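Next, two complexes with chain A in common: one pairs it with chain B, the other with chain C.
Take a look at the complex of A and B:
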């Protein structure tokens, strides 16, 4: 860009008090209606979660993580549990493995329901903002029946899960899932079937697979380019039940631009994610074995951990979520816990995706990447 | 007495001077009193003249119509109803309930909102032009309310009566309405400019862009009814629809007018000027308290106005069920059109500004021009049409 273009540029802050910036601030340089520079800034949502983890024992730590991103509470707390289970030798019962997997997938559906609404609201259709959130109430009801809490669930624990499935919960989950299945065609009509939606998202926020991998994107944002990079398949966790069943990694293959994706492809990708999650839950529910739900010695074993270092990770809704844990001998708390959220990469990739777009496209771009400030500020 | 000037020197007698001093002061006071008296008499004369004018039956009825019914007070009540109606429709479309608590079905919600907004502190930014900031929102409301004078609510009971009488409808009232409405985005742009924020400046320019895109298709869409009726007066256009409503003859013109008027108001899905996920609240970002309230009312008044114009141009205005008063006919149709307007606004994604111009100029403009051409051919070549549409 030649310097004389920047003479007429004006800088505008998108956040931190902006109604659409949920606790973040991006400095945009505008020339006319076009964005020529985008400078994402982190640090407006910092709550020192990593430091807090150093003062919680290994059964409490996961509750800090689910407060980072409440939309995917089950998924957010799992990497910590996985890291603890790698350091200490815990035997997770089969029933707990299946239950965990079902809840992770159920939570993924919930998070994507929330995202549908948020994305549509950013594009200016308030009916579509509220319709998925009405359905989401059924899901939250099911969460509440199972764990007693709608958002901060604290369901998983080292060595298993805390609460067993009750018939009431199973009924509520079935209601919620059938509601999702019933309304999927409606939402597909209202999002991908709507001509005004296509006008706003097609060809917007364009990047190639190579760049996405270079920027460190993961999850749906990479899978939308047609590359089946999924932790559930690539590195199946021994304490989860993904390898017990047959399922396909959802990817989008767009013939117009193979190996690339725009905002519209990322929406279709997330639709496919929901379909896959529904499929996994349907296949896992009949396999639910009888038995205990937690390792009987989990409490004693997870009280003091041996010296070690481990890396727990899970395929979250927004990408790969990881926790690195280091413990000292007979430690009651971690020596250091490092959280790597999926959204840091997607937030800072705005710097490369956004320049050249119109100002009005900016909500469509960041909305389709599904950033959540908790994940980069922690 | 003999002095150096031969008896012509001035004699200063203190007591004479002192005795005359009071007369002098009294003279000044009387002079001031004269001015005040003259002013008071002048004002009383003016009031007297106005009173005499107002006492003329025609004038009095005009004043009554302009202030009470269907003038200012009627419009205010209609505005209150409209806000409630809009919020309810919006809520139903969005799977919510809308206002429920205050009054029957939440009918008093607007009063609560208005009291809350007026009680709020008015924060004027440092960079704002203060007196412009204070005066522009009210001017915007006034410029939106003036065109209501030309809406033919009823065969007789209008603000401007039937043409030919005293205070009759103007022969060019349709053009005058559009001329006044063109000023609305100018005020939006000015408000965006003087309130001292980049968001509001961008919003102001986007508002001007909206009007730039939608004005021409809207005006050309209104040419069809005017040609069929053979008049540019709103009253005559309505009066010509006794036999057949123009919606039957010009459905495409109605559609283009509806879309263009939504774009002109700048509400969803053409709400790029106030897009909250991009520029917070557009040109209204820095308005607070009573100024925001006034602008909020102005937006609803504009939506009401466009619905009323559509009823007059396409739905036969006060024509309808013969046993009902004209204004009731008008209001029923107005409710239906307003419902249509609101449902359209609540079911599309927001368009980008360049897409708004694309839509208006590539689709609405050719359609409306085509319809004008069709009307011209129809008037010339269909022999039975003209007596039918000119009708009463």
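Take a look at the complex of A and C:
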């Protein structure tokens, strides 16, 4: 790029007031309506969650995590619980393992419903913004019946789960899931079948798998390149039930550009994620055994932890979500807890993906990466 | 499941690294996971070697740990889907002004992790292209809030600009 082009460049802040920029701001350098430089800014949501965790005991810590990303509260709190369960020897009952897994997948569907609406809204399709959010109410109703709270659920606890499935909850879950199944084809028509929508997403926000891995992208953002990286299969957690059933990691193979993906592929990938989650729940529900839902000694055992380090991981809706935990001898609180949010990488990678795109394509690019500010600011 | 001798397993990679740099120690973690304790000067060589050995290395995380008394640890975590393995690098730093070479030209994904560790722990990353504060507001720059010496109790009340709480009357004190 010759320097005289940059003489005409103008700088535009996208956010924090922009309606599509929910809690973040990116400085864009434009020549005409082409973006030549993108500088994502973080910190608008920073609430020092890692420092707060150093002052909470091991049963309270997960509640800080679910407030980081309320859209996937069950998934967000799980890595912390997994890390605690690796340091202290807790016997998680079989029933709790299956219940946890069902709720993680149910939560994934909820998070993706939210994302559909958000993505369509960012592209200006306001009817599509509200339709999935109406369905989302049914899912939230089910969460409320189970845990008493719509978003900050605090369902999992070291050694098991807090609340048992009730017949009322199971009915509500069935209503919510059948609603998703019924409306999936409609949404697929509205988004992937719409010529306007395809024009705005196809060939936009293009990257290769090799680069995506270098930037640290994970989850649907690399599975859309046809690469089945999924912690549910690769590193199955002993206290979850993913290995009890047969299921396939969903990926997208686009023959036009193998090993690469654009915004449209990532959209299709997220549709497939919902289908997989529905499939896992359908297969796990009949396997739900009877029995206790929590280790009866969990409260005493998780009170003080021995010295140790552990790494809890879960495949979140947006990618690899982890908590690294270090405890000192007889610790009541962690010495250090590091949260790795999947969107930390996807927000950073805007810096590399966006330059060269047109200004109008910018919402399509970041929307297709499913960013959530809580994950990079913490 | 014993993965210790299959090609592409974590311990094979660890052995390759140790053969080249004998002063590195390795420690097996649970499953197909391994930890390497790397001297500060060798970090660039080791990360470059992991990049060459593992074709699909994902820079999963990188962060600091404050062990008090000017001792710090840096942890780098890499994951590979092909080998289903996890490599964790640990670097000990001991100094009032800890410093290490940046590796973000090898793995761009670590650029922001290093930026965050710099502002939160005061660890300097040499040759890092952009060490502006990432998350902190201006008034906390240079205070390194994730260090253990950063007080979070009432002793820093006056910095907030809020009114101080009224002193409680002493039990049995004079009544007004």
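By definition in this document, the second predicted complex is superposed on the first by the 378 of 378 C-alpha atoms of A that agree within 3 Å, B and C clash if a C-alpha of one lies under 4 Å from a C-alpha of the other, contacts with A are read in each partner's own complex, and residues count from 1 in each chain.
One rule holds in what follows: a contact is a pair of C-beta atoms (placed from the backbone, for glycine too) under 8 Å apart; a residue touches a chain by one contact, two chains touch by 3 or more.
None of the values given here were measured: they were computed from a predicted structure.
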{"item": "Overlay on chain A: chain C relative to chain B, clash or fit", "value": "fit"}
{"item": "Which of chain B and chain C A:296 touches, first, second, both or neither", "value": "neither"}
{"item": "Chain B versus chain C as contact partner of A:126, first or second or both or neither", "value": "first"}
{"item": "Partner chain(s) touched by A:336 [first = chain B, second = chain C, both, neither]", "value": "second"}
{"item": "Chain B versus chain C as contact partner of A:18, first or second or both or neither", "value": "first"}
{"item": "First, second, both or neither for A:235, with chain B first and chain C second", "value": "second"}
{"item": "Centroid geometry (CA): angle chain B/chain A/chain C, rounded to a multiple of 10 degrees", "value": "120"}
{"item": "Three-chain overlay, closest Cα atoms of chain B and chain C, distance in Å", "value": "24"}
{"item": "Touching both chain C and chain B, counted on chain A across the two superposed complexes", "value": "none"}
{"item": "Complex contacts: residues of chain A adjacent to chain C", "value": "42-43, 46, 48, 50-51, 55, 86, 213-218, 227-229, 234-235, 311, 320, 322, 324, 326, 335-336, 338, 340, 344-345, 348-349, 352, 376-378"}
{"item": "Chain C to chain A touching residues, read off their complex", "value": "30-31, 56-61, 63, 65-66, 75, 77, 79, 81, 84, 86, 88, 107-113, 133-137, 145-146, 152"}
{"item": "Of chain A, residues touching chain B in the complex", "value": "10, 12, 18-20, 33, 120-127, 129-131, 134, 194, 196-197, 199-200, 358-363"}
{"item": "Residues of chain B defined as touching chain A within the complex", "value": "90, 93-96, 198-199, 202, 268-269, 271-272, 275-280, 346-355"}
